[in-house]
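As structure tokens, the structure follows; a few thoughts come after it.
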Amino acid sequence: MPDAAADRPELRPALDALAARFPGEVLSVDVDKGDLTVRLGKAGLIPVLRALKEEAGFNALEDVIVLDNLRTAGEGGKRFTVLYQLCRFPGADRVRLAVDVGEDEGLDSAVPVYRSADWAEREAFDMFGVRFEGHPGLRRIYMPEDFEGHPLRKDFPLEGRDGGV
Amino acid sequence: MAFKEIDLNMGPQHPSTHGVLRLKLAVDNEVVLSVEPVIGYLHRGMEKLWESLTYTQVVPLTDRLDYLASLSNNLGYVLTVEKLAGIEVPRRARYIRVVLAELQRLASHLAWLGFQANDIGAMSVLLYGFEARETVLDIFEEYCGARLTIHGIRIGGVPHDLDAALAARIRKVLDGIPKRLADIRALLDDNRIWKQRTVGIGRIAAGDAIAYGLTGPGLRACGLAWDMRKDIPYSSYDEFDFDVPLGRNGDVYDRYLVRLEEICQSIRIVRQALDGLPEGETSAKVPRVLKVAPAEVFHTIEAPKGVLGFYIKSNGTDKPERVKMKSPSFINLQSLEHMCKGNLFSDVVGILGSLDIVLGEIDK
Amino acid sequence: MTEASGKQPFLLTRADAFITWAQKNSLWPFGSGLACCAIEMIATAAARFDIARFGMELFRASPRQADLFIVAGTVTNKMAPVIRRLWDQMPDPKWALAMGNCAIGGGPFPTYSVLQGVDKIIPVDVYVAGCPPTPQGLIHGLMILQEKIGRSHPTKELLDPDARRSR
Amino acid sequence: MTPFVADVLIPVGKIVAVILYPMIMVVVMIWLERRVVALMQGRLGPNRVGFQGVLQPVADAVKLFFKEDIMQRQADAFLFNISPVLVMFSSLLAFCFVPLGEPIRIGTYTLTLWIAESPVGLLIILGLSSISVFGVIFGGWASNSKYPLMGALRSVVQVLSYEIPTGLTVLTVAFVARSMDLVEIVRRQEASGTWYGFLMPVSFIVFWISAIAETNRAPFDLPEAESELVAGYHTEYSGMKFAFFYMAEYAHMVLVSSLVVILFFGGWLPPFPSVKALAFLHAVPGFVWYLVKIMFFLYLYVWIRATLPRYRFDSLIRLVWKWLIPLALANFLVVALVRFLR
């Protein structure tokens, strides 16, 4: 039962105002299956995050999700898409910011804005190799330190390369 | 002579780290200076594995995430897939799901109560808590044959029906829980040693709690009424009336009280769900090979440990392109450092217990 | 001492019987749980299935005092050296029980980070299948382990140490 | 009664008895504790080994005997090996001074139910029981790893600070009985008709609490707190050395409960000594009463262990310095005044 609760009409003007304030950065705003997604350029990430947190009251960053579109991206397309899932308490409205990142490009860390992004970004780095500049301690969180490769990338075999111990 | 600071290692194998968590502690003669959790000792590569399985094959694996509340994981994943594929679940199935999810919350909180009390020294409460939990596990075993990794909620509905005999047995178990809880509360609630070990320990302010992304009983103990069952109701939770217990100053004692109160609320919900069980199908018609049009969706539920979220992106085939799980224990564990600073070494054990973390869910 | 152990002098068989009776009736398991099977292991030690009846009550937290290592849960590559070190720290007459499909052979996780079976790093005496095995299943496994201990000959190993290698 | 029998056989027999008495009590205590704690927790406890699990401690001891004895390379060999001996030695030696009953007259020879009776028996027992602290300290410190070290540190502070209230309350008893000799104290209680436990309840309670703390038991078992310090000071011990620590703890508990019984509940005196109607109780030999009372206190130990959570370290120390010692001092003052005025 797809609940359309997340698509509050009153949220729409706040986001349109946001799009107006950051003309170059906000590429598109769309609603699909009840979820609100805002596509952003790389540079606009931190200002938009800060604006959403201070003005629009999105005080909780629930998750940082990375997608590896190795096969789906066209020739010029960037390899990774980093999604920031924000939520507003009270009222529980949700917004998802999507930023495209190339394989060896870095991304500004969201830790200065949201304290809970710390481990989520470390996991994204460990699993995909997306670098976050300005992160207090960017190192592997799951795999042992001396592990080479990033397991969740599409080209990494499921059973692992060296076949374990 | 300044006491040299010991860097203690509550290693991946320690009686009170609830599994394979390693805490690097810098301790100055019992006073904790810094705590750095090291995780990854139970990383089984779930998300990678899910990308090579069909939607229905993933469900039994979600049991193994938070293995104390496997039905909540199932419910979280299944609701996300239904939102993605647009499947309408019949009302009777939604009610049965509420009954199962709340019984699972009951079992998870009772197990937590046992572990928390055992960490602070009252080892008999571990046995009482587990005995009460066994009565709930009997219901699961009778419903679908498994005790811990239950796989009792499927895409589109529930595998079996809830007949009158099972409903009567559930009611009998629910009558037994409050009495056992009263015994435990009589033992612990006003026990001077228990209060000395829990009141004012591991305190976190409401503002910091949100900054650290804390959710679930930990957040509600700081007085913030954030409960997904009320804010974004799912699976017809809005048809039941129950209240959300809140604490005041966000310490270990308030988390203890909030969880005990939540057990009573869960019993209330299950009773209402059983009384108002509507007639109808127990599962929607779901094709054997479920192909989902390309889309992406994020959906959350209120798991016993906190807000459990699933993000699924589909690519038109029967296998998901990407499944990401937002684990409540993973986020809650980040605030351990904030809560432990300045406390004594033996409090770290109590605070870690009050966070109610499960390593299967943290390490994925 | 049913099978013909003719080559064993009478006195030693009686000593064997006595030592193995003591070893099998006071197996102190090592309190190390890894994943879901650990919860079932604790449920087995809890009030309803209570393995304290067979003398296995003291879940020793330190490897030094435990003689039964129940590997309950998934052994990942990052955890494998730790398990191996814990096994080495345990004093000698020690037994290992692989509880659950993950410990037996990687279970439902054929992935890059999971060790496909704990017997790749420690010698396992009894395998208890199940995911997780029910407490009754674990108790059945413990009974088999007790029989196996009953059949062993500790005096032979005391007298010539290399017999221990071939256990 | 040839001199050979009187001077050699009987003392040797008594020494063997004094060694066996705590050992048997320890075996009974291990079984009692595991069964009673289990029954309090709603489960059965060992009941398969021998009749109702009675042989369980025997099986544990034999198994521990055949365990490999591991010692760390970096551990301090001498201290590591001496500490279990120290702990066991002090408990067993203290039993020599514990009187078990009135001397029995066999023909012309009076068999005294203790090995040594000295005018300062009480002091010697307290001194010996504080030697076991050395064993714990050396054990924890010599095993050269962090958790045992913390266990040893905690144990030092705990036992030393709890010896002060113990000493003070024992002083009040000696003060009232005007003697430090245990046999004399019991006889004095018989003469005065009331047990000191009822005469000075505060002394009894303070003594009992600090006795629990001194044997590292129940709410005060911080030095071996499983949930924090893995296994406390005896983490590194295995095999028979660990068995020594394990048995010495129980022997120390039996010693302290027998001390409580002698000082505050009239050792081998039948209850209600002054009530004439219950005179038939005198028929039962003193030793039986003594055992019944000890069993009660051992049961109390187990009961407390099964119910109370563990103190935190600083609240433990605050309890003794802020509450127990002032209470013991005040109590000593009151007892002194009362005796002076009488």
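A, B, C and D label the chains in the order they appear, each numbered from 1.
Definition applied: a contact is a pair of C-beta atoms (placed from the backbone, for glycine too) under 8 Å apart; a residue touches a chain by one contact, two chains touch by 3 or more.
These numbers come from a predicted model, not from an experiment.
Trainee: Steps needed, at minimum, to get from chain A to chain C via touching chains?
Mentor: Contact-graph shortest path, chain A to chain C, evaluates to 1.
Trainee: By that same contact rule, can you tell me which chains touch chain A and chain B alike?
Mentor: C
Trainee: Measuring centre to centre, with centres taken as mean CA positions, what chain is farthest from chain A?
Mentor: Result for the farthest chain: D.
Trainee: Does B-D or C-D have the larger number of C-beta pairs in contact?
Mentor: Higher C-beta contact count between the two pairs: C-D.
Trainee: Roughly how far is chain B from chain D, going centre to centre by Cα mean, in whole Å?
Mentor: 45
Trainee: With chain centres defined as C-alpha means, what is the inter-centre distance between chain C and chain D in Å?
Mentor: Averaging C-alpha atoms per chain gives centres 36 Å apart.
Trainee: With chain centres defined as C-alpha means, what is the inter-centre distance between chain B and chain C in Å?
Mentor: About 31 Å, centre to centre.
Trainee: What whole-Å value do you get for the distance between chain A and chain D if each is reduced to the mean of its CA atoms?
Mentor: Result: the chain centres lie 64 Å from each other.
Trainee: Can you list the chain D residues in contact with two or more other chains?
Mentor: Residues 41-43, 226, 230 of chain D each touch two or more of the other chains.
Trainee: So which bits of chain C are touching at least two other chains?
Mentor: In chain C, the residues touching two or more other chains are 46-48, 61, 78, 110-114.
Trainee: Counting only residues that touch at least 2 other chains, which ones in chain A make the list?
Mentor: If we look for residues of chain A contacting two or more partner chains, we find 142-144, 151, 156, 158.
Trainee: Following the definition at the start, I'd like every touching pair of chains, please.
Mentor: Pairs satisfying the touch definition: A-B, A-C, B-C, B-D, C-D.
Trainee: Please name which positions on chain B make contact with chain A in the complex.
Mentor: Those in contact with chain A are residues 39-40, 43, 45, 47-49, 52, 82-84, 86, 88-89, 210-213, 224-226, 228, 231-234, 295-298, 300, 307, 309, 311, 313, 315, 321-322, 324, 326, 330-331, 333-334, 363-364.
Trainee: Name, in rising order, each residue of chain A that touches chain B in their complex.
Mentor: 1-3, 5-6, 32-35, 37, 59-63, 65, 67-68, 72, 83, 85, 89-92, 94, 96, 114-116, 118-120, 127, 140-144, 151-152, 156, 158
Trainee: Taking the touch rule as given, give the residues of chain D at its contact with chain C in the complex, in rising order.
Mentor: Chain D residues touching chain C: 34, 38, 41-49, 53, 55-56, 58-63, 66-70, 226, 230-231, 234-239, 242.
Trainee: Can you list the chain A residues touching chain C in their complex?
Mentor: Counting only chain A, the residues touching chain C are 142-144, 151, 156-161, 164-165.
Trainee: Could you please specify the touching residues of chain B with respect to chain D in the complex?
Mentor: Listed in rising order, the residues are 6, 8-9, 14-16, 30, 117-124, 127-128, 131, 187-188, 191, 193-194, 196-197, 344-347, 349.
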